[in-house]
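Please go over the structures that come below.
Paired with chain B in one complex and with chain C in the other, chain A is shared by the two complexes that follow.
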Partner chain A sequence: MRNLIITILMFIPLIIFAEYPSGEMLLKKIDENMYSENIISVSTMIIHSRRATKTMKLKSWKNGDNSSFSEYLSPPKNAGTKMLKLDNNLWIYNPQADRTIRISGHMLRQSVMGSDLSYEDMMEEDEISKIYQAEVIGEEVINEADCWILMLTAKVADVNYQTRKIWVDKTKYLALREERFGKSGKLLKTTTIDEVFLVGKRWYPKKIMFKDVLKKGKGTELIIESIEFDANIPASIFSKASLRK
Partner chain B sequence: MIFRLAMKNILGAGLRTWLNIFILSLSYFVIIALQGLYVGWQDDASREMKNWDFAGGQYWQETYDPYDPFTLEESHATIPEDLQKLIANGEAISILFSPATIYTDGRMRNIVLKGIEPSQNLIELPTNFLTDSDGEINCIIGSGFADNLNIKEGDYIVLRWRDKNGTYDACDLKVAHIFSTTVITVESNQVWISLSILQEMLGLPNEGTIITVKDEKYKKEFFSWQHKDLDFLLLDLTKMIKAKTIGSSIMYMLMLFLAMLAIFDTQVLSIFRRRKEMGTMMALGMTRLKIIQLFTLEGVLHAVLAILMGAVYGIPLLSHFEKVGMKIGMDAKEWGLSGLDDALYPVYGWKLVFGTIVLVLIIVTIVSFLPTRKIAKLKPTDALRGKMTK
Partner chain C sequence: MLKFLAKGLLRDRTRSFFPILIIASGVMLTVLFFSWINGYAMMLIAENARFETGHVKIVTRAYKELIDQKPYDLGLMNVNERIEVLSSEYPQIYWQPRIYFGNLLDLPDKKGETLSQGEVIGFGVDLFTDSYEQELLNLKEALSNGNLPTKQGEILISQEVAEKIGININDVITLIGSTMYGSMAMHNFTVSGMVRFGIQAMDRGAVIVDIADVRLFLDMEDSASEILGFLPKYNEDTTFEISSIFNKKYTNKDDEFSEIMLPLRTQGQMEFLLATMDQRMGMFIFIFIFVMSLVLWNSGLMNGIRRYGEIGIRLAIGESKGHIYRSLILESLLIGIVATIIGTAIGLIFSYLLQNYGIDMSSMLKDAKVIMSTTMRAQVTPTSYFIGFIPGVFASVIGAMVSGIGIYKRNTAQLFKELEI
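Moving on to the complex of A and B:
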């Protein structure tokens, strides 16, 4: 009898972990939903700062990991502002001043228009499975969706966040919640997906809430109005000349 | 004889003479007072900047450019062996810079994080407060920046930074001390922590951005480090004060112009009114040159008497300002200028005082001489009849 109990106890963890899918597989599934070589999207960014709420609409074009272009469509104060990212450099065109400013290095850590997103966060478009290795550490229900909890550890040295914890929807393969940690384990940023939608065969976030936990305020909401994957984007759009057009 | 005659003549002119003398003395006073302020500011600022920042000179890592924030992230290198020896002997200090972000009361602020050896005593920064006594990371910040952030000693601020690979991390810093300095370059948007802690945070052991040395004469060259002597380090301050001195000189040039105008008018008027006197002097055998000397001397005597009058009220007033300083009347740190405290303490050197006296005397001599040229053409017969020879 005693031996039987010991044998059962020994097998319990195996039974539990046997149910967990591979972390790598889940990351690839997420990338299949989120990543595309070419994307055109229109989104609304709502910044809930300490004193006021600001709403901005922008259209973005993205090509591969290294090039992206965004144009603010509203409010009138910001309309016409354009951002071009090429590799690790970012140029911002201000139509009022008719000037282009280059941002690089530590300046990329500054918040975009007072939001909880830094320029770096906005520019981060790499495939997550290429940067992180993942371990499934549990499961939890988030917004009535069953999720796997994954602990991500960076595979490469030059990464913004050493560890991340994500809650992946078991059926739609989207990270419904994410926590980004510093090297010492201090929580720095959180992301929550409140609504998802189906685009072709992909599930994609519709409403995302970003929060810099070190900063006061309710966070920054990003609502994806429309998105087109594998879109045909002319290469000329990712040039400095297109900032002034 | 000419001197006595000239003195008798100008004192005889009464109020007109004393008004001219007063205006001239005021010119002396204003020039010396204003110049003294700038000299005092430069002296104070240079001394404070040496004490708080530059010591005897600095070595900058070759990519470091204080005016280009883009260079900050890459501006670090291993400290050369010879400089390490100086550091070990207390004759130099290494400072490591890193861009970082602090959060105070939930507000984000970009800063320059600086690491310095807590036991150093080469510069006046109170780095002894950086010694970690209770397992916390201590930091010190300047009073102007602390007021700006609304933080006080004992408060905690959240620091976020990136290591050499670009990976984020964050921790709490305890504000161990808030120091007061007039040197903006060590306090504006800066947080100071222990060098070893910063090196560990960034993953850059034994690296620095600048090395401050004690000895002004130490100028050895090192690969990838550039020596900056005090002339270079204080160049911005010197240029700024020079520009301000030029700006303020407009005011005393105006005063000097008014005084010279008064002297010139007096000379023209007295030559016109004293034609018969000149004729009589010529008739008695005085040469034209002597008469020109007499009139010129009369003008110069105004300047000499102005020195005496200026000394009567100027010396007590300037000495008073030298002791108590001149209150600026607002928080000098808001101006963003180094060396400016609540009050400016002027310095009046002999060079300044004598330089001003000689300058005014030369100008007065020229201005007094110019109208007397008419005398050279004057005929004694015309003069005796009260006429000017054309």
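Moving on to the complex of A and C:
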């Protein structure tokens, strides 16, 4: 009888951990939803700053992890502003001044168009499974969806956030909530997916709320109006010449 | 009595020459020091008022919390309407909206690529409605090259920045910054002129642009960082009085964007600097009176020894001790007044020279963070004419009062014995 109890006690942890899937597997599932070699999207960014709310519309083209191009369509004050990311370089074109400026150094930490996103956030690798290792640490219900709680730790040196805590929908494999921490362990940013939609076979965020914890304001909403995966994008769009076009 | 004492002092110069020399020197130093401190304070007030603080300043409460960072995104809105209201409520004050902004100045090459860059501090001021700001900032005198802006889209750059970055007149430069809402902003300006203010904090990196251009550039329509108020003549009590009334009326603790008025003295380091100067002046006068009293006490004692016989005879022929004591004090009063007049006159001559010519202190102010002219000048005010009387007369009288106590120690019964000697 005593041996039986000891045997059962020894197996209890195994039974508990057996319920948790592998963190790596969950990250790959998220990447399968979020990552595509070529993406064209149109989105609306609503910036709730400390004093006012500003709405901007932009169109983005993305090629792999290394190239992306965005053009602001509205409001008129910002229309025509373009951003180009090529490898680790970022350029911004301002139509009023007809100038292209490379964003580098401390400027990368500045906010994009006054939003809760920084240029560094824009520069980040899209496939999180490439830059983080994950451990499942629990489960919780978020917006009526059962979620795994994952603690991500950077496995490469040059990352914006050393650790992240994400709540992954058990069925749709999207990070419905996310907390991003700096090297000191300080919470820097949070994101919440408030609405998701099905694009082909992928679940994709429809409405995301970004919040820079260090910034006063009510956060930035990003609403995906349309998105096309594996789109045919001419290579010429990812060049400095296209900024002035 | 006075005439008698004055004659005595004139005829017996040993009684008056050294005390007058000592007091006149001290008074001269007091007047000069007072005028110099006064000039420094006035310069500090005037320079800071013109460039930074106004005589009073209106900002939002949120802006005030971070006022050193000049967060124009927390600035004032509906400024034109506000200035109309302020002008009717405080007609004696001239109101000027300003925008201060930190930026990157980018000089492009022929292809539009960055040739060189530098960080600058921008001043968005009203350059075209009237000439008030141009006069306030002394732009005509400060212009070292080119012309003042005559139309929108033109910019004035500090000579130092222009030389550092390699900018020439009529070059088109780009200012890169953030709008009031945080978006990246770029705006092209044509360099119309270069300025040199003689104020290190400004010459290190100031650019001056018309406020309408800055509003366009930073998406700050009808907004401003601050509204500065200028009285016809600075008066500290008035600024505190007006601010108190304004804040009772407009400051709302529950609204971080409600307005708050700040008198000049409460802004930045002004309180500390002005209070320190007041303390220094008070301390100087106190030390002067103390030291001079000691010196004159000693001088009085020496005089007492020299006039030992004279005082003895006066006592012997029946003059009361009190009368002699009072006459000595009266003598010292006369000496004090005469010495103070001489010291004040010499002090004023030096003060006026320092007021007109000044002393170049630029080498000592290379890293100054406070807006301050590099030429230090004295400022002669009506107070300069009588400030010397306080230490001059006091020191003389106190010295005589202390040394004269010896009269009361003379024993009348011993007088004839002493006089025989």
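We take it that the second predicted complex is superposed on the first by the 233 of 245 C-alpha atoms of A that agree within 3 Å, B and C clash if a C-alpha of one lies under 4 Å from a C-alpha of the other, contacts with A are read in each partner's own complex, and residues count from 1 in each chain.
Quick note on the criterion: a contact is a pair of C-beta atoms (placed from the backbone, for glycine too) under 8 Å apart; a residue touches a chain by one contact, two chains touch by 3 or more.
Quick caveat, the model's predicted, so the values are computed rather than measured.
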| Fit or clash for chain B plus chain C once both are placed on chain A? | clash
| For A:K201, is the partner it touches chain B (first), chain C (second), both, or none of the two (neither)? | neither
| message | Let me test your reading of the model: by the given contact rule, A:Y161 touches which partner, first (chain B), second (chain C), both or neither? | response | first
| task | Could you tell me if A:A97 is touching chain B, chain C, both of them or neither one (first, second, both, neither)? | result | second
| Between chain B (first) and chain C (second), which does A:K186 come into contact with in this model arrangement: first, second, both, or neither? | first
| message | Touch test for A:R109: chain B only (first), chain C only (second), both, or neither? | response | first
| Is A:R50 in contact with chain B, with chain C, with both, or with neither (first, second, both, neither)? | both
| query | Between 294-302, 330-338 or 348-356, which run of chain C pushes into chain B after the superposition? | reply | 348-356
| query | If you lay the two complexes on top of each other, which residues of chain A touch chain B in one and chain C in the other? | reply | 50, 110-111
| field | Residues of chain A touching chain C in the complex | value | 47, 49-52, 54, 77-78, 81, 92, 94, 96-102, 110-115
| query | chain B touches which residues of chain A in the complex? | reply | 50, 104-107, 109-111, 154, 157-162, 180, 182-184, 186, 188, 212, 214-217
| said: Which stretch or stretches of chain C touch chain A in the complex? | reply: 62, 73-74, 106, 108, 112-114, 174, 176, 178-179, 181-188, 219, 257
| field | Residues of chain B defined as touching chain A within the complex | value | 69-70, 72-74, 99, 101, 103, 105-108, 110, 158, 160, 162-163, 165-171
